[in-house]
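Each chain carries a letter (A, B, C and D) given by its place in the written order, and its residues are counted from 1.
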Amino acid sequence: MPLERKLRMAMAGGGHGAFIGGVHRMAAQMDGRIELVAGAFSRDPARSRSSGQAIGLPARRIYDTVDAMIESEASLDESERADFVAIVTPNNEHLPMSRLALESGFHVMCDKPLSRNLSEARQIRDIVAKTGRLFGLTHNYLGYPMVKEARSRVRCEDLGRLRRVVVEYPQGWLATPLETTGHKQASWRADPEISGASGCLADIGTHAATLAEYVTGLAIDSVAADLTSFGPDRRLDDDASILLRLSGGARGVLWASQIAIGEENGLNLRVYGDRGSLFWRQEEPNTLVLSELDAPRRRIRAGANDESLSESARHACRLPSGHPEGFLEGFANVYTNYAATLSAALANDEPSPIDLDFPGVEEGMRGMAFIDAALQSSAANGQWTPVPEN
Amino acid sequence: MPLERKLRMAMAGGGHGAFIGGVHRMAAQMDGRIELVAGAFSRDPARSRSSGQAIGLPARRIYDTVDAMIESEASLDESERADFVAIVTPNNEHLPMSRLALESGFHVMCDKPLSRNLSEARQIRDIVAKTGRLFGLTHNYLGYPMVKEARSRVRCEDLGRLRRVVVEYPQGWLATPLETTGHKQASWRADPEISGASGCLADIGTHAATLAEYVTGLAIDSVAADLTSFGPDRRLDDDASILLRLSGGARGVLWASQIAIGEENGLNLRVYGDRGSLFWRQEEPNTLVLSELDAPRRRIRAGANDESLSESARHACRLPSGHPEGFLEGFANVYTNYAATLSAALANDEPSPIDLDFPGVEEGMRGMAFIDAALQSSAANGQWTPVPEN
Amino acid sequence: MPLERKLRMAMAGGGHGAFIGGVHRMAAQMDGRIELVAGAFSRDPARSRSSGQAIGLPARRIYDTVDAMIESEASLDESERADFVAIVTPNNEHLPMSRLALESGFHVMCDKPLSRNLSEARQIRDIVAKTGRLFGLTHNYLGYPMVKEARSRVRCEDLGRLRRVVVEYPQGWLATPLETTGHKQASWRADPEISGASGCLADIGTHAATLAEYVTGLAIDSVAADLTSFGPDRRLDDDASILLRLSGGARGVLWASQIAIGEENGLNLRVYGDRGSLFWRQEEPNTLVLSELDAPRRRIRAGANDESLSESARHACRLPSGHPEGFLEGFANVYTNYAATLSAALANDEPSPIDLDFPGVEEGMRGMAFIDAALQSSAANGQWTPVPEN
Amino acid sequence: MPLERKLRMAMAGGGHGAFIGGVHRMAAQMDGRIELVAGAFSRDPARSRSSGQAIGLPARRIYDTVDAMIESEASLDESERADFVAIVTPNNEHLPMSRLALESGFHVMCDKPLSRNLSEARQIRDIVAKTGRLFGLTHNYLGYPMVKEARSRVRCEDLGRLRRVVVEYPQGWLATPLETTGHKQASWRADPEISGASGCLADIGTHAATLAEYVTGLAIDSVAADLTSFGPDRRLDDDASILLRLSGGARGVLWASQIAIGEENGLNLRVYGDRGSLFWRQEEPNTLVLSELDAPRRRIRAGANDESLSESARHACRLPSGHPEGFLEGFANVYTNYAATLSAALANDEPSPIDLDFPGVEEGMRGMAFIDAALQSSAANGQWTPVPEN
């Protein structure tokens, strides 16, 4: 029988001033399947407490440290304790917190990228395998209905055999050396100790690569990369252009940048096959442009009531066409599918195939392997470099 | 001192299959200031129960009728009982339910339009005045950040003296006689007993008129209307074009239609003054196009981090530019401002001016007066007809 | 046998500084079927001469007055003399010059609107009928390929029975009192003696009305108009909103304005039937948006090589899809069809049906009748007023 | 004193069925500075004759071969003979025809790309230098007003120091093996003997590279290329993605493809500096999107009457804003500037600096060097390869 309660989420990180913490909370709770019950929101205990209070958590479920949270929650009665931990910290904490949570019996939803480097990623993968816990990764852009529709159209061979992929993720917010001004988000991303071996590519390039692989169903096999840092004294890349070779012979280009003035959050994807093509962009997420050979472009639109959409796209819509759903709703879809899958597991049910559609440790591994290969290629003056399989 | 708890919401209507019920629930709870604690979700007790269970309400707070809910909730301890009732039923119930809730001491958030006709609207207004309860009306499109930015730009006289308004709300979902197929949403809207004296104009024309008045700060003084019904045997208008004269000498056109094939939810507004103009459309809500005399068009974008926006627009944003917020977020802004105002009242605090920015009984009255004048004008072959002031 | 020479055009008006003169010259000669051989370009003989020289006309074919030109050209040998006169003067000269040219045996291509008022229009119509000369009128927007495609789609009943028309023509160039600054184009348009009984409606409103009738194949039967002048001390309307009733029961709105800051030359048309709809706008003229019931929007594109387009649309294209054709090419299509028809007549051939597709005196009459009715309606406080049939 | 006559053009190639011939003729003659006086339109004399007759040329100026044309025209009286030869043949004829025309004393306007390979290009360059004739090359996209505005904005340092260039030229017309169906345009482009060493990159990639260099004022210093042929049995590339390094440290990506279904003629350019960025695309050529740091995007529009535009952009406009100018007008701007420069030379005047702005043999050389480097790089598995300077 189904699990007749909300899942209980504990949060690690995401206190005041952390943009992504609020996003995770709104997204997780949007569809009424998850409630936030506990948190260690900051390494600063006072900040953790005030953050938790502002959200309305009872004092006893607001913790000074993640260690304390895990220990305490693990000791609570099964009827009360958190089911899973949402890790929304900078990258350097993903491995130790995931290990702690997973080995203490909690399931985990982790922010992306999976880790600072491929070696850490492999450790996480192994812990997940060993503990058998459910691990989600918020490659949130995979949650958009029209991304799912795009994937479905490719699977149905509406595009024929794929030939060409162009995926871009331009932003402009790091066009100036914001990390030297005390800007919190910019600062940790610019620090190799915290962010890892890559800046722009880790932060947003992995979104682009993951999106391309998700929609096309192809693997990025090898890369020829040109990574740059335009910001003065910036230690990590802030701009990357990369040639791609994908499984099955398709060719691609990936461009990610954080110095592209005038761009906000311009993730977009074009895929061309021998029978058709599609175009999607994040800033107008409810539209998918579909072209078929010798036919006019069609504008496919998200809409919960549109039976011409694939089941997975409709499943990801809450509203009829013309009622725009946005970033939070797409993000929520990752949480909601994760929650449905976890609920089924907790009830010893079989998860619905449609609910299994959320990114996890495998997507995280692929992303880190992609970064690793791109860094190697760029260091070798753009030499074609294979993306390690695992 | 501030109210340190969430507001408690009881819901009247909005059971399974009612699109708008889920919207209200997601919107109300998005920002963590409101929790749904009770409901009478359907006139069918079984349906009410199953709807409440699906949401996770305890059985004792799921009621068979709204009467029972009001009576029971009123008897609960102050620490537990609902603070306000969200009325999300068809139009014919707005007056009786508002009366019952208000006179029983509850505050009210009501779906639009306010009522079936101007006479009912005046009754609601009088009850609100008499009881002194806080009354909100979900003219949700006023909640979009860029609508607030538009209003602010007009107020700052960026557009100069206003001359010309064009507001449109085309939809296509009633192009065929959907109401004869058992479609629930279409059926009640086509029934004068339930919907009231107008169809399209009540359902969406009031959104357009309210949006125009909100952004411009002008009143629609008189109208010359041409209301039509293209659907066969349809008793209420499904298309309306109306010339407007606004206070201060501005002229306008309003077009609303539910038979416009190809249109989804196409609310849009253009305002022209003697120094500039603006354009906004609901389907791409995070963009406001601003033109100034002899200068290139500028694209103003929503973004919580953009200090060039007005305070009211920023207050309505949760995310940075490029992370689209949509219909639910705009809807949530109505609830959240209402909640902040109500929380202040309950704590005997002064509400923040910025929180007072939500539609209520006055906007509802204006909308019903607008419909009343348009119906009269159309019946009098388009004669210019004043919109009654109250 | 076909006429194996270019048609010879004489031009009345269109000297230095007259925007429209150069347009007519470029458009007329674009397709190599017409050559300019003579002109009286200005009422100022010196200006006429210098204008003609700049174009490269021989001195003897540059005239001081239109009267002199008509007299002289009529006396030239048939192998040399102009075939037709292009009248590109302000409105007040359209009647006298058309009369002179037509009665002297010349065919005429006249700029729009046909005349200053309906009475003058009727005179022109009668002279055309009496003389049997070919009369073209440069409602140039009918020349765009996608306008022709739109008309064709309506004729093929892709849209089903038409219900709703929305046609707009906003411009912003008269938002300030430009006519008081010596601006030539603005000055004559603001002068009732020259422009006629209407300003904005004559100048651009007739384009909108003619476009709507052309595409829909329906007649505007009656109007309820609200004409205004926002410019201080402006004697003619600069903004007009008009409700329309069209033959067959369709309803419409027409809005034309010259005070709409931020708008350039924003003619656009939307037509909705009971099976589909279409949208076209002049500023992106190579795209036609087509929607059919329960199907995604399709983007139909101009292209000489696209066999899915109607014959009349393809006939109006010079280039393959993606190679934008613009205002001059659309304008040229009016001239080219006129020239093909005239060439056939001169060769005693039957003109091709596809070449007969250019606006003439009937369209001019309809436009002036539309203005007449709108002026009457507006003066009668918006009363529904029939558009006289002739 | 200025040259008071039109320039006389003879055409080599461009008979019936050759798309580009008609384009050259319309473009050359649009502004009334050039007249077509002679031609050898096809290697098939009958076809040449019928093509010339259709245009209205006298029989004695229609030649069976280009050799005959050059010989005969050279012998005509100075008052009659062609001033320049427009070479609009496939690539393999560019060198021999240019040599013949230049060495016979004619000036030349040549279609792009300059030649089949870099070696041929160098020969043309040397002949031009030796003969001192004026050589134009129809990289027509440089003729668009907003391309000139973009270049001007970069020069004025509105964008600051340039960092990143993204230039794309996707088309879809060769997604299927059209060259095997007898399609004339496709066939010669697929034949290395005629087209040269590259297919897609020669045909459209050079447009993209030339556009990027023209707008940015930077040189593409080196490339890392991935050229592919997706069409079965296709001997030349039909898709190319190339990483760029530009002078001054900017990085770039160029993608050109002829197999991108759904794309028509999608040339577009984005340039990012440390103070701003710009975006232009050919299919909507009258708009330039400009972003400056921390300011909203602005939409700069073409318009002959807009004094905020640069002189070179205004010089390239014929019409006021909102009256779209298209592909032919942009193409005409190359001819018109060439004609003004040539007229000045023939009159022993100094050409106006603004008229000198047309592409010629240097741009042609750069394009061929770019192709050469890209082919080398791709053959060397993407190795960074310098673009030879000459």
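One rule holds in what follows: a contact is a pair of C-beta atoms (placed from the backbone, for glycine too) under 8 Å apart; a residue touches a chain by one contact, two chains touch by 3 or more.
Since we're looking at a predicted model, the values are computed, not measured.
**Student:** Between B-C and A-B, flag the pair that has more C-beta pairs in contact.
**Tutor:** Counting C-beta pairs in contact for B-C and A-B gives the edge to B-C.
**Student:** Which chain has its C-alpha centroid at the greatest distance from the C-alpha centroid of subunit C?
**Tutor:** A
**Student:** What's the distance between the Cα centroids of subunit A and subunit B, rounded to whole Å?
**Tutor:** Here the centre of subunit B sits 34 Å away from the centre of subunit A.
**Student:** Whole-Å distance, subunit A centre to subunit C centre, using C-alpha means?
**Tutor:** Each chain's C-alpha centroid was found; their separation is 56 Å.
**Student:** Would you mind pulling out the distance in Å between where the CA atoms of subunit B average out and where those of subunit C do?
**Tutor:** It comes to 44 Å between the two C-alpha centres.
**Student:** Which residue numbers or ranges of subunit B touch two or more of the other chains?
**Tutor:** In subunit B, the residues touching two or more other chains are 263, 297, 301.
**Student:** For subunit C, which residues are in contact with subunit D within the complex?
**Tutor:** Against subunit D, the touching part of subunit C is residues 5-6, 19, 22-23, 25-26, 29-32, 55-56, 171, 173, 263-266, 282-285, 301, 303, 318-329.
**Student:** Mind listing the subunit A positions that touch subunit D in their complex?
**Tutor:** Subunit A reaches subunit D through residues 163-164, 166, 168, 172, 175-176, 224, 226, 228, 230, 239, 241, 243, 245, 251-253, 255, 257, 259-263, 270, 272-277, 279, 289, 291-293, 297, 381-384.
**Student:** For the complex, which residues does subunit D have touching subunit B?
**Tutor:** Contact set of subunit D toward subunit B: 290, 294, 296-301, 308.
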